[in-house]
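Okay, handing you the structure first.
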Amino acid sequence: MDLAEFTAQLNAELRHADYADIDASVNGLQVGPETGSVEHVAFAVDGAQETFERAADADADVLVVHHGISWGGFDRVTGRTYNHVDTLLENDLALYASHLPLDGHQQLGNAAGVANVLDLEDCTPFGEHGSEYIGQRGRAAERYTAATLRDRLEANLDTGGEGVRVLEFGPGEIDEIAIVTGSGTDWLDEAATAGVDALVTGEGKQKVYHAAKEAGITVMLAGHYATETLGVRALQDLAETEWGLETTFIDAPTGL
Amino acid sequence: MDLAEFTAQLNAELRHADYADIDASVNGLQVGPETGSVEHVAFAVDGAQETFERAADADADVLVVHHGISWGGFDRVTGRTYNHVDTLLENDLALYASHLPLDGHQQLGNAAGVANVLDLEDCTPFGEHGSEYIGQRGRAAERYTAATLRDRLEANLDTGGEGVRVLEFGPGEIDEIAIVTGSGTDWLDEAATAGVDALVTGEGKQKVYHAAKEAGITVMLAGHYATETLGVRALQDLAETEWGLETTFIDAPTGL
Amino acid sequence: MDLAEFTAQLNAELRHADYADIDASVNGLQVGPETGSVEHVAFAVDGAQETFERAADADADVLVVHHGISWGGFDRVTGRTYNHVDTLLENDLALYASHLPLDGHQQLGNAAGVANVLDLEDCTPFGEHGSEYIGQRGRAAERYTAATLRDRLEANLDTGGEGVRVLEFGPGEIDEIAIVTGSGTDWLDEAATAGVDALVTGEGKQKVYHAAKEAGITVMLAGHYATETLGVRALQDLAETEWGLETTFIDAPTGL
Amino acid sequence: MDLAEFTAQLNAELRHADYADIDASVNGLQVGPETGSVEHVAFAVDGAQETFERAADADADVLVVHHGISWGGFDRVTGRTYNHVDTLLENDLALYASHLPLDGHQQLGNAAGVANVLDLEDCTPFGEHGSEYIGQRGRAAERYTAATLRDRLEANLDTGGEGVRVLEFGPGEIDEIAIVTGSGTDWLDEAATAGVDALVTGEGKQKVYHAAKEAGITVMLAGHYATETLGVRALQDLAETEWGLETTFIDAPTGL
Amino acid sequence: MDLAEFTAQLNAELRHADYADIDASVNGLQVGPETGSVEHVAFAVDGAQETFERAADADADVLVVHHGISWGGFDRVTGRTYNHVDTLLENDLALYASHLPLDGHQQLGNAAGVANVLDLEDCTPFGEHGSEYIGQRGRAAERYTAATLRDRLEANLDTGGEGVRVLEFGPGEIDEIAIVTGSGTDWLDEAATAGVDALVTGEGKQKVYHAAKEAGITVMLAGHYATETLGVRALQDLAETEWGLETTFIDAPTGL
Amino acid sequence: MDLAEFTAQLNAELRHADYADIDASVNGLQVGPETGSVEHVAFAVDGAQETFERAADADADVLVVHHGISWGGFDRVTGRTYNHVDTLLENDLALYASHLPLDGHQQLGNAAGVANVLDLEDCTPFGEHGSEYIGQRGRAAERYTAATLRDRLEANLDTGGEGVRVLEFGPGEIDEIAIVTGSGTDWLDEAATAGVDALVTGEGKQKVYHAAKEAGITVMLAGHYATETLGVRALQDLAETEWGLETTFIDAPTGL
């Protein structure tokens, strides 16, 4: 597949244009030539020296990541950026990133992946960010308690040995669950207004503690990395199954 | 002591005017009458329903906190803010907050407190934030390893049972240490440029992992709450020893 | 009636959402708890210590005003704001405000009330303010002169003893009249372009004198307070007649 | 005197450069040729068709005003601006304006003139506006009551038949008085903090009523025009006495 | 024809309202009275002392130009602006300007005029500027070479003796041509993406050289003045033929 | 010499920090590794594919240019930027740029170089740009006419066969000359106010014609490239003579 075609199809599927004004990440092709051929695609959560080298070792043509290296652009190609770009160019490896669009995609996205893991039903968009959504909410097929919800997350997510932290301030029985992967505690107010019983996210800021306590909502902090592998996994599946490309998943957990 | 005088003296000691343009927190008296008398002062890290009630139970006249309830102001006194203000007014309890000025104060501040715990020498300001600093750096009186540094932090900070997380990417021997309490991983680049061996902070964002790894710096995540009790403790000491006021410390750890 | 329902119905009737970006006033519930019951509603032009105390004396549950106390929000609950909030909370009195939406409502609003007093016909929106209107214009059922127009206003508005000031620069016979209540002289240019004979408003800035003279338009300055009692009066009528609530009107003229 | 020299000297005396960023008025020469001679200068409060024609009738070379015609510049020379410019150019009449600099000048300014009329002593700058002041405060040589203060203003200012309006909320004896001419009620908070007994200004916005009442300060509304003739009068005196120019004062009261 | 009607018709034909937010030029009537009669219209590329005087000598009532004198408005009517306005007012000559709307008009505009000179077919809008276009592209009826394209331009445009400069970096045969008159080299990237063979514009910035070379596009620099006479010529034709007005074209080439 | 030291010394000599807020160019090292050695430095006016390849052919370690490739930063390393960066990285060639600082340096800068060519005396900074200057003015040691000034420029600058264009609107004898290299016609007003006889610059926008004519100033358009080789030449001299480095000048005239 032609690199331009690969890029255009992913951009369309993930609706990158709709997120252009609300995402600090420069989504789409971040580093790559005008023309090129794509046969082997690597996937990882983070764009970093480690994943660039491992994708190059795997002989990939493109690396697709959730966190790229261009956040509002670069002023210079120096320091850490020089090393990144040098590794990519030397190995003819293009870099493609999708941040908020991959969080919010209602079928392929990170939150949709967690909802699937939790067996939620009647899922609808959650997590307003400007004119778009970056999460999902739904009703548990069978009620959870805080303990069974934590267990389900720990059993199914790649938490790298770190347990899920629980702020247990909600009702004993958990029916309605909202999900914003990564760093999602800013959406606690929306969760309170929506009347959900629990908010599942990755990492938590200190201030979420009292906010959750006063709102009476249980918060699960399941790890930033752990909650954000599902989106790139879904893209890998798409590339392999639908587009017939060779793929590699690069697991580089941060424990955060 | 008169409330206005109490407020004016703290504002001056903490140089609130110099931080006015760089801090989202509205520092100083956040809730309180024009005239009042201060005999008993409570201190806590977070301004929240729990700490307001406990300060009222202790019969305090003012509660001094690091995290207040006015971040850029309120549009309305409704919802959670109504509850907060109602509790404060009903109990004749004034609320005083100092955020970044208390992080950065080079003698009384949170970072200065951690530096003291770690026995650092030749301490200088670190953590540029606009025209001010919000942290501190110094040289260890005796070299640490990552393990001994972690142990020292766990032994001396109020981490609430959660251990200190270590990203061990720096040199085996740790001489130079930079400190930004709370959420301080945005200052990793400054730490790299400054050539320190380790950065001690409270909570870490996911992206710090690869940044620290590529910079070759060890990062200690000692807890947001744990690293930020030292500043209000130092203010408590000042109020009690220097100003002869009755004081109470309200420990309400979040585990985050 | 439930407080949340009372608030939601007024917000909808006055189309507060449409004015959100153009009004410095924070419209809707400015001070009040999450849940509460409304049986008795007081109405006043200005939210102030005097009207708060009189509404509390009348045992009202909510005070509805045209000028509230939150203009772009508060940084702190101190000084005059502390006194206001303290009085409201101590008396379990909620505060609800509607500024530009109540000026511009084409049936219940202040300008509509003045148009009614003047017997205007074929009334249409006037006074562009961003994407909305805050006034009204119409044709006199019977022609006025400047003197008869002034007399009609003085006879029907609560001008508190101060006469209506007349800048008589328009034609002898007055057919077409534009109304912007309160401080409306910034709309003189729109009045000139619209070809009206007179502009009726509350208070006038100095610069309106020569502008009106050169445009050949008669301006009536009927008092800010006087021209703005009609909107809250109409809301009082609605609450009493339609919703069956007990009501009180608090007349506190400023003479301005 | 050369027009360029006349302009440069007034600009320097009134410190126009210091007010450049805080005044919407384009101060200095607003309309005039590069070279010209100044023998006869007219003075008026307002730049308007009426004062332009009367200055032309008096054969003035320049008209100096407090309120000019360029507020943030013109997009076009059409409509009312066309008429203004046409009258000026046809009569070889230059237009010079000084707005806030003339309000705030501590010897020649409008507030200084009112302070002089009231026999104030130990006058200091009042009325912060960005980095400058636009008013003055001082102590009465002999104490006023609200009634004697009103009488003194009515007797000495050109109020055009309209009386001075008094909001009598301050102490019975008036010692300390703050002055901001024109539309100065936005400085009531500064007056309250400064602890003055009365604020003298020109025109008042409706909201000043309750603010003054709650702050316990007496406010005198002496007329926008009336309080702003003293500055241009002082400039007239300067031009005649110091620079030996022929001068004319054009009195065109607005009654506002 | 009435001046207001003349202005309104041109504004509508050129869609001035649609360009209001993207053009620094204040389009429409820049200098002129509220009422006036139009019998004789002069046309010129630039509004300047020379063209104002020549239009006055021709006894024109209005001068229509592509480059007016109000770019974001004037702060003052002094210096060069005083001379301009003085000449216009003294001669009862109104000034009407149309900048980007006249560049982009797809029938009457400057680019459309050049496209006509070059015999282009299937012309479509080119040169995105905010939400509008300011140029045109099309396919040559018969292929050009760089040399024949330069000759065609030199033969048909009023280049004032200066030859057309050619940056010959495109293919030998030129089929697809994009046109942005005046200073149009900022649209080279759009030309590259559109895959045209040549870009015709007026004046070129230095940086276009390497950009064109690396993009493989031939650039023709035919002169700013030369490429922008066609729009005002088309308006002249409209005024004369459609509206029956007397017209004069004032040719004042700049050689730039 | 170490690359970091080379960069730091040039940054200091050219005072890059002082121009940081006023220059769209990202000055200093634009592309390059953290550590490297500099033995051979190439110099060119423009950073482009052609100069990158010629510097690589010459085996340079760094290329110093006046026009770099980062103007406000890049969003992505794709398209033309990919080619640029790829060529630089593949050849271990660092890129260093200095834009306005090199225009304005009063000894080494482009304008200083032209002033030297013209034998100007008593040179002072000219060409205000924010808080800095980007040009120079001085008095001719011997008077020029427009013709002798043009000849002097053509004889001494690398105009690539294109003659100097002269807009001869100034006095017959030319004493005082202002210089802003590159695209400097925006400083015509400053030149008029300064009372110079001629302005020497590189390329001219169309609007300079009438402005110069009405101001009575002669303008010389000597070519953007031609006027901007002198600064990099002076840096080359510094690197070779003072720092003992091997150097190469890459002449790639654009004719613009």
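Letters A, B, C, D, E and F mark the chains in the order given here, with residues in each chain numbered from 1 onward.
Quick note on the criterion: a contact is a pair of C-beta atoms (placed from the backbone, for glycine too) under 8 Å apart; a residue touches a chain by one contact, two chains touch by 3 or more.
What you see is a predicted model, and the numbers here were worked out from it, not measured in a lab.
Between the contact lists of chain A and chain F, the overlap is empty. Chain centre most remote from that of chain F: C (centre = mean of CA atoms).
Centroid distances from chain B, each centroid being the mean of CA atoms, peak for E.
The centroid of the Cα atoms in chain A and the matching centroid in chain D are 62 Å apart.
Averaged Cα coordinates give chain C a centre that lies 31 Å from the centre of chain D.
Separating the centre of chain D from that of chain F, both taken as means of CA atoms, is a distance of 50 Å. For chain D, residues that reach two or more other chains under the stated contact definition are 83. If each chain is drawn as a node and touching chains are joined, the picture is one closed loop, every chain linked to exactly two others. Here the chains make one closed ring, and walking it from chain B through chain C gives B, C, D, E, F, A. Residues of chain E that touch chain F in their complex: 46, 48-50, 67, 80, 83, 165, 182-183, 202-211, 213-215, 224-225, 254-256.
Of all residues in chain E, those touching chain D in their complex are 26, 28-34, 70, 73-79, 82-83, 85-86, 89-90.
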